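First the structure, which I've put down as structure tokens, then a few questions once you've had a look.
Think of it as A, B, C and D in the order they're written, each chain with its own count starting at 1.
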Amino acid sequence: MKVAFLGLGAIGRPMAHRIARAGHQLTVWNRTGSRAADFARGSEIDVAPTAPEAVADADVVVTCLSTSADVEEVLNDGAFEALRQGSTLIDCTSGDPATSKRIAARLAAWNVAFIDAPVSGGVKGAEEGTLTVMCGGDADAIARVKPVIEAFGKKIVHCGPVGAGDAVKAMNQALLAITILGTSEALVALAKSGVSPQVALEVINASSGRSNASMNLFPERVLTRAFPRTFRLALLDKDARIAAQIARDEKVPAPLTQLAADLCSVAHMELGEEADHVEVVKMVERWGQAEVQ
Amino acid sequence: MKVAFLGLGAIGRPMAHRIARAGHQLTVWNRTGSRAADFARGSEIDVAPTAPEAVADADVVVTCLSTSADVEEVLNDGAFEALRQGSTLIDCTSGDPATSKRIAARLAAWNVAFIDAPVSGGVKGAEEGTLTVMCGGDADAIARVKPVIEAFGKKIVHCGPVGAGDAVKAMNQALLAITILGTSEALVALAKSGVSPQVALEVINASSGRSNASMNLFPERVLTRAFPRTFRLALLDKDARIAAQIARDEKVPAPLTQLAADLCSVAHMELGEEADHVEVVKMVERWGQAEVQ
Amino acid sequence: MKVAFLGLGAIGRPMAHRIARAGHQLTVWNRTGSRAADFARGSEIDVAPTAPEAVADADVVVTCLSTSADVEEVLNDGAFEALRQGSTLIDCTSGDPATSKRIAARLAAWNVAFIDAPVSGGVKGAEEGTLTVMCGGDADAIARVKPVIEAFGKKIVHCGPVGAGDAVKAMNQALLAITILGTSEALVALAKSGVSPQVALEVINASSGRSNASMNLFPERVLTRAFPRTFRLALLDKDARIAAQIARDEKVPAPLTQLAADLCSVAHMELGEEADHVEVVKMVERWGQAEVQ
Amino acid sequence: MKVAFLGLGAIGRPMAHRIARAGHQLTVWNRTGSRAADFARGSEIDVAPTAPEAVADADVVVTCLSTSADVEEVLNDGAFEALRQGSTLIDCTSGDPATSKRIAARLAAWNVAFIDAPVSGGVKGAEEGTLTVMCGGDADAIARVKPVIEAFGKKIVHCGPVGAGDAVKAMNQALLAITILGTSEALVALAKSGVSPQVALEVINASSGRSNASMNLFPERVLTRAFPRTFRLALLDKDARIAAQIARDEKVPAPLTQLAADLCSVAHMELGEEADHVEVVKMVERWGQAEVQ
């Protein structure tokens, strides 16, 4: 299939690579054009100077941007009218359901299918093609473009109608935030009372309070003070706020989710745009005046 | 060694059995005496009519009660004076560090060592002798009584001075509460927005927001609506409040832990004394008017 | 001026009465038509069978409905096209800024001015014409329709552009929720510890923690157990959620506001549609198992 | 009566002055002795070099220290044994009920009455003798020492048994914290959305969300950016944590109180020991990136 890929960020690049290697004819576009040129150099991948030119011929368009608002903006800047009738837009942005539904409604009138398809698994998962892909949208549309999704995704789950993929992704991220923050509170309080975080984690990870955060993130990134920058706190903040919004929209009281979203926003403000999401522990350490190490 | 075991509850019984089977000479006592008689029937285990008589000859006393206050009460009812000088009290209650420290100080003056040694692993772990035991106290004292602890524990971790075992256990339980509540909020909001909890869990458990709660408790107990009664919500409430207390005592702001403790207390009040800890999801379902199934 | 009044609820009726008595030519409409007929009986007030017919001739349209969504629905049901170009819509609904802005933009294209003008002061203030009116919109438009607003409002405050009136109203309501809930927590905990709520209020109301809630609502409505139904909890819930939404939209971490919104939603669900807003104290009493009386 | 006054802080000094002027024979002691000497210079007030010497002859001892722990420490440093049997200790510290009860029990065995009697009204109230005094303890004991309390207090309220005065004071302070924080959240969100805080306060203070914080503290101290240092945030933090502790001890879920206590602790850590309690708004401003002015 002819595929256009918009958004060559840390995750987008390896995803696009895998699509090209899977035999699809690929055109890429990125807001900062030099990044697209670097990406395509020496390959048969085409670089489009503008988003409308990128999507004009495509059977399938994949977007991988920061927010749903970014997707809407690219569409409003000419890409919408350039989309081929009968084509499909797979939006791998970690978006919000309300905006995705609005985009889908506009595209439907234009006879373009929309699938929200946020991913999890990080850069490594993208490189290895083992991402989990959470799809929201029409089952037939998803089936039609599966060859493209399978280029980068291993576990491809149809979550429900448009917006369902965004919703599941956002809730996963809120749980990530809650477990990082909760584990931070526990380990800071224990450290201050004289218990080694390493010992505490050894016990917790053999007990009922364990989570991906306690089993993987804390031992590898916090105890070591390595804090590799794999996923920005700014994005976790955004995702947690989407989750909080979904709970409000659905009239579901979700006090832990709401509080975690606010704590992520505070940490984002305090730690800055470049901080990694796991660095949120530093806020709790500062508040409690003890270090997890 | 001569061992006295006080408190034959759901966890205490299999622990005491394993101690007897390991070859220690066992005397048991339980507040409701008939339970002790039933327990010992047809075995070589002695039943003491009172706690002071149970502990009088023991090298090692193991207590496994509901709260540290219960332990203090038993000691105040004559057991304190009856304890043999040079003996050791292993308190497997999920207790609170402040009370444990107070008990330890009193016992030290009497030349009795105190070890707080709460366990995790549930009834099954107790039966199989695979409990995790979190020890707080003097390293030499722990070493001396290790043959008794090894009768029921597989992973035996020295967490720090007296109270450290209680503290680690409480924080693990708070994390258990946080992950059950957080996962409940996520799945109720998703269910209300039309996403199947089963599908959502499939994705979350392949992603970064997963926890013991999402990987084990929700698939086995919530989706199935089985809600087996393995650990009472009343006890999770107590444990989460101990964790909240530790954070306050250490002057560590821990807003998620505090909120989770209050939510457990509300659920405990709403769902009653006999509810299982996982049933806390029912409170969130009621609040959000959607079911996780 | 020719005025159309849509929405004859508990507050709307006395407001409309005052507009008629101030000499304006009034046409009213209400979804339940019998209420409009009862209202107008024996007076010179006209009753319109439909909203479009009510607004067709009006210089000024006043809406006083439950939510901004209700206003939008009435407009979508034909009233929009029926509005006279050059007329002004004064929306006294306790609305949300986002919807008000959307409505205003649509009306502007139709050359109809929009003012969001939620009120405070209750039924009594409406009857006496002493309401506080929080206006959002163009200063000139507000000046033009001031004779209508002055019929029911005493303190008329221009808060800013469209949506500003809604925003101030919502934040006032969130503070109302926070002070009722906070005072409830304080008095329930004190009652349980043996301090009379009456004595506690006497002290607090002479001290720094006092609020409208502690000074007026608790002595008059809670201690007496009178709980008159003057303003529904369902509406406080809605208002607090609007406030929480504004904080999220503005990216302002507001953890107390978010938590109070969720607690209002829980109370609304538990206490039902007809409960008064002050009855929220009953939820805290139930949770804490002590009464404020 | 012979009165000993221990603790010449900002509130203690004017209280002690009024006791002397009311005709009581006064001996003072302060940990930093020079402050006591400065205080007494040129008057008939005696200065004692140690606390035990100060209390030895007194019919009534008044303590006005930072925390109950400070009171306990002074008693443990020799003052306890020096107290005259039949004398009364009036503790004007904003203390915690648990410690007050422990002190009272020890003093009772020594035939010394204990009254917890924290005050509100600030330095100005102390100078003018118009403090509100919240008394916990035996009614007869309070009656006996009323001439001393009346020297500085105008509204003297018997709240209940020992600890009740502390409890009421702590809950008042928690409500102060909640109203300052809540009003901060509202005004920061409104400021960021373009509404002037002055206009917002004008409306709120004519509406149902008003409180002492919105009516007095914000107009006088925040809008003006004056932030006079009248009561340290460090003390509000301590008081709010006492309130949170009372709720936990009474098993009353009090999520707003718990959250406010944590937010005060965070603000205390961020803004330092010398910050005034109203400066807590600066934390919310920083988080929300907008100023209330």
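We take it that a residue touches a chain if its C-beta (ideal position, glycine included) is under 8 Å from a C-beta of that chain, and two chains touch if they have at least 3 such contacts.
What you are looking at is a predicted structure, and each value in this text was computed from that prediction instead of being measured.
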{"item": "A-B against A-D, pair bridged by the larger set of C-beta contacts", "value": "A-B"}
{"item": "Farthest chain (mean CA position) relative to chain C", "value": "B"}
{"item": "CA centroid of chain A to CA centroid of chain B, Å", "value": "38"}
{"item": "Chain A and chain D, separation of their C-alpha mean positions in angstrom", "value": "50"}
{"item": "Sites on chain C at which at least two other chains make contact", "value": "251, 253-255, 259, 263, 265-266, 269, 287, 289"}
{"item": "Touching residues (chain side chain A, partner chain C) in the complex", "value": "241, 244-245, 248, 251, 253-255, 258-259, 261-263, 265-266, 269"}
{"item": "Complex contacts: residues of chain D adjacent to chain A", "value": "255, 259, 265-266, 269, 286-287, 289"}
{"item": "In the complex with chain C, residue positions of chain D that touch it", "value": "97, 120-121, 132, 134, 155, 157-161, 163-164, 167-168, 171-176, 178-179, 181-183, 185-190, 192-196, 199-200, 202-204, 206-214, 243, 246-247, 249-257, 259-260, 263, 284, 287-290"}
